[in-house]
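First chain written, first letter: the chains are A, B and C, and each begins at residue 1.
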Amino acid sequence: MGAFRLTLVRHLAGAAAGLVALYVLTTSVGPYRDLQIAQAAYLTCAVAGLTVLTGLGGQISLGHGAFMAVGAYTAALVSAHWGWPLAAMLAAAAVVTALAGVLVGAVAARLEGPYLAGATLAFAVGLPGLANYSHLTGLLGGQNGLTVTPPVPPAALGETFPLERWQAWIACAGAVITLFLLANLTGGRFGRTLRAGRDDEIAAALCGLRVARLRIAATVVSAACAGLAGGLLAVVASLAAPGAFPLTLSLQLIAAVIIGGLGTLPGAVWGALILVFVPSWASDAASSSGLSHDVASNLPLAIYGLVLIAVTLAFPRGLQGGLRDIGGAARRRLPPSLRRFAPGGGAPGVPATHRGGADEPTTDQASAPDPDPEGAGGRDDDGGGAGGRGERLRR
Amino acid sequence: MLEVAGLTAGYGAVRALDGVDLTVEEGSLTAVLGANGAGKTTLLRTVSGLLRPRAGRIALDGRDLARLPVEEIVRLGVAHVPQSGGVITELTVEENLRLGGLYRRDRGALARRVAQMYELFPPLAPRRSRAAATLSGGERQMLALARALTGAPRLLLVDEPSLGLAPRVVARLMAVLRRLCDEDGRTVLLVEQNARSALSVADRALVLDLGTVVADEPAAVLAADSRLRHAYLGF
Amino acid sequence: MVRFVNLTLAGITQGAVFAAVALALVLIWRATRVVNFAQGGMLMFTTFLAWTVVHDGGSYWLALGVALASGLVIGAVAERVLVRPVEGGPPLNAVIVTLGLYVLLQAAAGMIWGDTPHSYPPAFTIKGLTAGGTRLLLSPFDLFVIGAVALVMAALTVLFVRTGLGLKLRAAAFAPEIARLQGVRVGRMLTLGWALAALVGSLAGVLIAPSVFVGPSQFDAMLVFGFTAAVIGGLDSPAGAVVGGLLLGCALSYVSGYISSDLVTFGALAALIAVLMVRPNGLFAARTGRRV
């Protein structure tokens, strides 16, 4: 009876629950909200990949917007030239971006701190500009980019099935699969060695870990997620154009990672939701209070900037970590029988991914009595707790 | 001149000083001796303001130093020569020297004192425009001492000047410290692990052990106390 | 041949501006071990302030003065309020805070002045000079750009090398604790260092504004160019920043002239990667660590 299988079952259950929740959600809202859900879903892929790289691997990337561009253009090209079906198109986006990740990772593995940040920043600014290069405009469509034929909902869903809902389903499926794979990957050996390489490179190397190879692997995984996100973006927006991948996109992704809490997958979901819903809330607020267009369109950016500064100064471990501290402190005061219902164990309103929180401990506790009543909720810094729980069971 | 009473200080959970009392007379050379980890360096860092005391009193001519920042304590005439000198290797010898007296804002006096230092420490003179990184250990120690003196301090705190130096160089440095007291009327608080050479020049000596004072005697008395020497000073 | 000379001249002009941005980054890196990713945003904001002066009928020189003065203030305030708390902390925190400031400045500029870029007048004509009947890619304004950057560099060199204040600034940057023991008020020096750096950056913004226009994201590439130039020279070396800026300016000018102007930012990326792979600490880096 492997702990691995237990974890896998739990992650599968989480993924299934997430899909059901998303089904209910998408079918109960209008096309506009469906589109927003789709955006949040593809951003979740990119943010989740980035949070693994930065939070667990300790490598910052300000260039994930460029990876998304690679994915989007790949999807657009294979769809336009070879008419590949949707799934193959998205797989191609992830694979080609992963290959780009090998190159970037090989460079990035040798860089540290501000050098790495600067190089990835240059990547974010430099790469999308290639689309305008005159010899490539025939292929990449220049400033206008490439249009992507929108996917057609299956006939079985009925003729009136809205396109936006179908796009939301595609993007959500991509997000759930990404989160499921990342949860399993980071909960296992890969996640542990990644953290070891982040915390003490020399010690990890002395233990026989190939730190450079590990970093490249992390970049590749992360790039594949961003590539899938880009492919999904192309499908949802029906377009791949350089204007969709400005420097601010990359900075927003890193903002989402920081706001959600470095290295936590549920935090990635939060971060992506914030990226989509803060702008829409800001434009609503602006129109109701009569603010000008300039103010309204820049309000989200201003908020991200302020939040980035405030979070770094106030919660050095990120908002998710801060919330978890508060949640942990609250639960400690509750009697044990109530703890499983206390906030912090699961994230209500968000697809229940894999938090290893207080709402699912029955099997765990049967096989291995847990001396730590906090469970994964009280642990800091370890990829959402699922991995931590899995490791403890294996011992 | 300097009075320390009930001084307690430390880092995190470690208590490096525990109720230290110490009086330094004007114009005297006081040595603080003890093994590694006895709290000697912590004592100097606390007096010069690099470390905040947890309890106790540090007074210079009756003025409380415990709440003042380093920069202000320096302006009261306290110069601290940290362990292994703390020479800024990216700057030239001359720049290091000038830095020590810049806060006095008197350009003419600064130039004069820098010139004096080259007389007091002749090996520094031909190296004045070289980067301090090119100096040997002994030269660096000289430069650090000279830099402290360009500020014309009244109280000089010197941390382990003998560290890693040849015995002859150590003897020269000790002689210079003695002369600073006798000829210039400066006050010196010297921290040393090399008890023998410190006692050879000191007026008074303290022995620290695990953050507390275990002996406070005239240097000659302490040097004659073989029991204490064996127990704490290793000779 | 004329083309090569012309491209080189154009490269030197824009290289001077890159050098100024690189110098701003190097000054801050040396003083506080922080790469100021907000530099692009700061110079964008000060250039917008200058644009406002010009737009309201003020003279070019008044606008330049406003930009430089506001640069000083923004730099000082940024260090005091935002950077001071993260100095000495994990490097990621400093990166995030400066990025946050960058995003905030960009949003503020968008709110105040709108997202559409505005044109900015040059101080002198941009019509090329002629030599021996050939029109050169070097205008009186280009000469002004080169001269202004050179003047600022010279002034900074005098300040840092010849004055007591400069000595204190350097000491505070190299060894803060030792500097404090010599009576240097290190906090003030770091604030002043940021202010000076931001001043140099704001000069670069005004000088490049006529060719890139003034808009909230018009100066994004300037940060990349400046960072690349600084890395070429080694983040610790002000002289290296100047050489790096000129080298990068010429290299990108050749890329633009011989291949395509659309490849300029990509060329900067390629140059950056090449330098980082060969000499990760910059071409002019002599030391890898410091001994005290």
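Convention: a residue touches a chain if its C-beta (ideal position, glycine included) is under 8 Å from a C-beta of that chain, and two chains touch if they have at least 3 such contacts.
In UniProt terms, the chains line up like this: A, C = Branched-chain amino acid ABC transporter permease; B = ATP-binding cassette domain-containing protein.
Just so you know, these numbers come straight off a predicted model, no measurement behind them.
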Q.
If each hop has to land on a touching chain, what is the smallest number of hops from subunit A to subunit B?
A. 2
Q) Among the chains, which is located farthest from subunit A on the basis of C-alpha centroids? A) B
Q: Would you mind checking which chain's mean C-alpha position lies nearest the centre of all protein C-alpha atoms?
A: C
(Q) Applying the document's contact definition, name the chain pair with more C-beta pairs in contact, A-C or B-C. (A) A-C
Q.
As a quick test, compute the distance in whole Å between the mean CA positions of subunit A and subunit B.
A. 56
Q) How big is the gap, in whole Å, between where the Cα atoms of subunit A centre and where those of subunit C centre? A) 34
Q) Between subunit B and subunit C, what is the separation of their C-alpha centroids in Å? A) 43
Q. For the complex, which residues does subunit C have touching subunit B?
A. 164, 167-168, 170-171, 174-175, 177-186, 290-292
Q: Could you please specify the touching residues of subunit B with respect to subunit C in the complex?
A: 48, 50, 69-71, 74-75, 79-80, 82, 84-91, 95, 98-100, 102-103, 133, 147, 151
Q: Mind listing the subunit A positions that touch subunit C in their complex?
A: 54, 60, 62, 107, 110-111, 113-115, 117-119, 121-123, 125-127, 129-130, 132-135, 246-248, 251, 254-255, 258, 294-295, 297-302, 304-309, 311-313, 316
Q | For the subunit C and subunit A complex, residues of the former touching the latter | A | 29, 34-35, 37, 82, 85-86, 89-93, 95-97, 99-108, 110-115, 216-217, 220-221, 223-224, 227-228, 231, 235, 260, 262-270, 272-273, 276-277, 280
